[in-house]
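Following are the structures in question.
After this come two complexes, each holding subunit A, first together with subunit B and then together with subunit C.
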Partner chain A sequence: MGILDKKLSLRNRNKMIVGVWEDEDALMDATSEISHKGIAIHDIYTPYPVHGLDRIIGVKRSKLARVAFFCGLTGLILMTTMIYYMYVIDWPINVGNKPVRFTPSWIPVMFEGMVLCTAYGMGFFFFWRNRMLFGVKNDLLDERQTDDRMVMAVELSDSINEQDLISTMKNKGAVEVREFHHGVQTVI
Partner chain B sequence: MGHGHHIEIKQENFVIPAKAKTFTIILMLLGLVLTGIGIANQKSHSGSSHNSHATAENTTEKHETPAHGEAADHSEHAAASEHGAASHAEEHHNVETENFGPRMEYHEQDKPWTTKIWANLLVAGYFFTMVSLCALFWYAIQYAANAGWSVTIKRVPEAIFTFIPVAFVVLFVAVLLGKNDLYHWAHYEHLGLKPTDAGYDRILDGKSGFLNTKMLFILPVILIAIWVFIGHKLRGLSLAEDTASKGDVTFFKKSIRFSAAFLVIFGFTISIIAWLFIMSVDAHWYSTIFGVYNFATSWVSAIAVITLTVMYLKNQGYLGLVNQEHMHDLGKFMFAFTVFWTYIWLFQYLLIWYAQIPEEMMYYQIRYENYKPYFLANFFINFVTPFVFLLMRSAKRNSKIMVIIPALLVVGHYFDVWFMVIPGVFGPNQHIGILEVGIFLVFSGLFAFWILNNLTKRGLVAVNHPYLEESVYHDTGV
Partner chain C sequence: MIHDSIIRERLVTGDKTAADVTRDISRPILNRPSNAWKIGFTLSVIFLAIFVISLGYTLMTGIGVWNINKSVMWGWDITNFVFWVGIGHAGTLISAVLLLFRQKWRMSINRSAEAMTIFAVVCAAMFPVFHMGRVWVGYWALPLPNAFGSLWTNFNSPLLWDVFAISTYFSVSLLFWYIGLIPDIATIRDKVKTKAAKYWYTFFAMGWTGSTRSWARYELVSLILAGLSTPLVLSVHTIVSTDFATSVIPGWHTTIFPPYFVAGAIFSGFGMVATLLVVARKVMNYENYITIGHLDAMTKIIMVTGSIVGIAYLTEFFIAWYSGVEYEQYAFINRAFGPYWWAYWSMMSCNLIAPQVFWFRWARTTPWFVFIMSIFVNVGMWFERFVIIVTSLHRDYLPSSWVMYSGSLTEIGLFLGTFGIFFTLFFLFAKYLPVINMAEVKSILRNRE
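And then the complex of A and B:
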């Protein structure tokens, strides 16, 4: 996963400010406040979906649907080719004088093959893009973001006032604020 | 929820707009006029074809296909003889073939001209019974699945399923009056033939334990009574919840129990209605998937009717709590079950095709060979169009598409039921005419009026439902 891994890994980004919340309402308030200041939030990691967060931080619509379309198309073509080769070219069988070329019995095969490829393809690309495939070194900002904590990561740039950001996070109920740089975390 | 905007929840009371009242009444009147013209047409047409021997022969010959090789022989026989029991018995004898048992042979001329009215009433009654039933099914599913998103629109199916008894009466009357002409087996039952008699039909005799007049009249009434009772109970609970104190979940819990019971009963018994009323039109034919197919048809239509009603109320400025998120979910429901319908539509054929049962092909043979445009139209209206138009996310959130497609689906699935019945009753040369359109208009007008009228009877918002807030802030994501 070489290139993508490097580009997407949090280790290879600028210094980040990481806030940890225990309560989703407080997190929601903090998120609105920070985005109103014009600060771009890199991402928020929550153990379960928090409705409305995606709109506040301006998450773009996922391209997974398009991936699904192409996976489905691949499956359809693959299965059609396969069954055409088997039924027509390699080993035509006379079943009760039914036609050998395109017959209704091809439809389930094509359909199910399409569904199979779509499901596996979407699963694969989803995990790939989210860096959750086997063998990818994942960078959990907090072990408990998969359990009961919500973690916000803001990538610092020249336009962001670091001290202001940290104090906003603390005022808005962050139980912990840390700094994350090249894989090293320091509590502030 | 802590995000900035707060949505105020308040009760809404629906009043039928004068326009809607006039529109539904005009629809019914127009339908009645068309039905009248259709009936008059039918009567005069049937009179002429009965009187002249030549016309009858021509009609049959024109539609002669390899599948109906004996048609020429028959036309003479059919036109010459009266509609006596003996003639029917002999026909069966004639078409008995060694391998496949007796095959259905169709003679429109044999049937009295009123048959067409009963057949169309059967279609209308059956379709609207099933649609209202499926609205109840939809309602029960929401409770059984603990669904939160649908609470803001739950009054809509609640109004729709009150139509079950009305539609069922129509269905029942149509069957009561037209039984012997609609159902081949009912006619056969009267003959009371023994295995040694000429014209004995072993398939119909084998089915007579289930397919008999007593079953036809008693079983559906019992089933409908059970369903209507549960529906009535659910409606009562829903109204009681409105007047109870906030936070009282006893009605909610009771509704879940009734819904679960309904789902089990419905799941096991819905096919019986389809077998008795529709599948028995082709009395010699078996299809194990037929109940599912009929369920799919009416289920899609029920979702479409719910969507249409929601969109109408929204257009009139009601249902302020319903937004694009709910529309999107209704669209997904509709899209998914359109595909489901197609799956069953195809697989009903595939089961027969795979299993090499040529004698079961007669259902498809007549529909494909003599009604090809209708057969293809069914597929295009009920699958291709909704599939293409509902596929995109933006389409499911578009208030125009979400009116046009459900409307198309309701018409399309009504036509689907028509297509299950008519070729089975009349044979190869039928068309959609004034009578069909008229009856459809009458009943859709009545249905619409009934729904709107029932919506006025209680507030549009289930204010004390425990999941109301979840539904108000429902979000399907970016």
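And then the complex of A and C:
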């Protein structure tokens, strides 16, 4: 799946119902209610992290921690191998006639290499999973979703009762409900 | 169930809404620069020019324009290196260690402290790099295949550990800072009007939309980076301290150095954070975000770390006496009562005695007083490194080699010049990027428990 996959663009999706909230608590209530009705929420866009929303809409726990572990392990092995090759195999240095083998003085470089690989490996995985790249155009549903508004997007399917969804959103404090189709939004 | 706390004091005052936060924090970016910014920036560029001239003179003439000599081979340069690296540590402490301890007050100050870390490490790197003399062969410090019979770098040397530690520290801090900036760059992207600004903020926002999935990953990545940065920051100054501690110079050869240097780094870093933020909150009207509560918390850390450093000074003296090694004993007596007594007592009074005033609440909560004390901390910590380096080197085992050392005009110019680098970068940061983490501050407006 490419980072700039057009299928992921909101414009290429089916008709969507978009609810806009200004209060975090009202949004949480609305999300719980809509999820309990068995309606799959496409995503919610917020200007700051709202804890708990991810669990309600069924976001799985990210594999970032595992990726971080394996990147760290790779860094550690790489650095150890590098030092071993340079110091033991290629050009052993006789220091006070001590045996040429692993010594604790290798640890700082091994550690720094491990940290560097973990951080950057995980960083790149984070960008890849979020489909982020320098210069990627943003797909905003509301100009203020990075300012003070919270936006919920529900992709319509045959099993979803559109009118019921709209009235639930309105009853649960949505300040605006819109229909989104092929990049055009209409206020309902 | 989530409740609004009625006990804890609010972290952000002034009943701000999320929209207020965006407006207040993005004001300097969206508007034309203020006069205060213009004056500050011009002054910084003047100091930057001093750096360029001093460095140009050093490179054209040679390292001989510094006053370092046969016994004092490390002078102002390594003093300045350790001083700047230390300053960087507060940024990582605030953003990483306080995140792990769930200290939410860090949210208003972490962005500027992290920026400070990066700029300080840039300043620090200048000194060992140019002290090498032939800087154009600086890449010899890296383990690269070469034509000298595969003579690799020495992995037993703390100086090589430093190459890895400082470059890793800089790279990881930059990544941590940038990932934290992305949501705020996206906010600015959606606010700016001009075409050029729109292009660049769009470029660096990487298509951020604030989706719940992204936020979940963002929080996890921040947590893991914090978990990584914590041992990293401890390792960096531990390694810097081993530059000294693994030698056999009296006054350097002590096992207390790693914890003592780390505490000192945090102490000096918080000193610089306090210096910058007391001014920034006033000039940029951020008093509701960087509150008296923040100053209170920071000064408590200054007091604790200052006391740890003070105990380390006294312990060194005790151990020198207790060891029975006369070279070691002389090194410490010479520090306090020798020709550099003024540097030693400046260090003691600024680092050990002055911060004790923060036992009083008034001292912790009066911005102008905190500013003055933070300057004492900065001065004291520079002297600490000067004392450790110069007093230990100018008189060691062989009295016929005893010398005196004082910085040359070029060395002084280089040091003042790094303030030019630091503040030029800081002023540019304050103009083009949000100084306070908007997204995180919005999440603590409600004072939730």
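Basically, the second predicted complex is superposed on the first by the 158 of 188 C-alpha atoms of A that agree within 3 Å, B and C clash if a C-alpha of one lies under 4 Å from a C-alpha of the other, contacts with A are read in each partner's own complex, and residues count from 1 in each chain.
The criterion applied here is as follows: a residue touches a chain if its C-beta (ideal position, glycine included) is under 8 Å from a C-beta of that chain, and two chains touch if they have at least 3 such contacts.
None of these values were measured; they are calculated from a predicted model.
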Fit or clash - subunit C, subunit B, common subunit A: clash
First, second, both or neither for A:105, with subunit B first and subunit C second: both
First, second, both or neither for A:147, with subunit B first and subunit C second: second
More subunit A residues in contact - subunit B or subunit C: C
Contacts of A:115 with subunit B and subunit C, given as first, second, both or neither: second
Contacts of A:96 with subunit B and subunit C, given as first, second, both or neither: first
Touching partner for A:139 - first (subunit B), second (subunit C), both, neither: second
Partner chain(s) touched by A:32 [first = subunit B, second = subunit C, both, neither]: first
Partner chain(s) touched by A:64 [first = subunit B, second = subunit C, both, neither]: second
Segment of subunit B intruding into subunit C (one of 203-211, 221-229, 311-319 or 329-337): 203-211
Doubly contacted subunit A residues - partners subunit C and subunit B: 24, 49, 54, 59, 62, 65, 105, 108
Of all residues in subunit C, those that touch subunit A in their complex: 17-19, 22, 143, 149-156, 158, 160-161, 164-165, 168, 171-172, 175-176, 179, 182-183, 186-187, 189-191, 202-221, 224-225, 228, 231-232, 235, 239, 438-440, 442-443, 446
List of subunit A residues in touch with subunit C within their complex: 24, 43-50, 53-54, 57, 59, 62, 64-65, 68, 82-83, 86-87, 90-91, 93, 95, 103, 105-106, 108-109, 111-113, 115-116, 118-120, 122-123, 126-127, 129-140, 143-148
Subunit A residues touching subunit B - in the complex, by the definition given at the top: 24-26, 28-29, 32, 49, 51-52, 54-56, 59-62, 65, 96, 98, 104-105, 107-108
Residue numbers on subunit B that touch subunit A, as the complex places them: 1-4, 346, 349-350, 353-354, 356, 393, 473, 475, 477-478
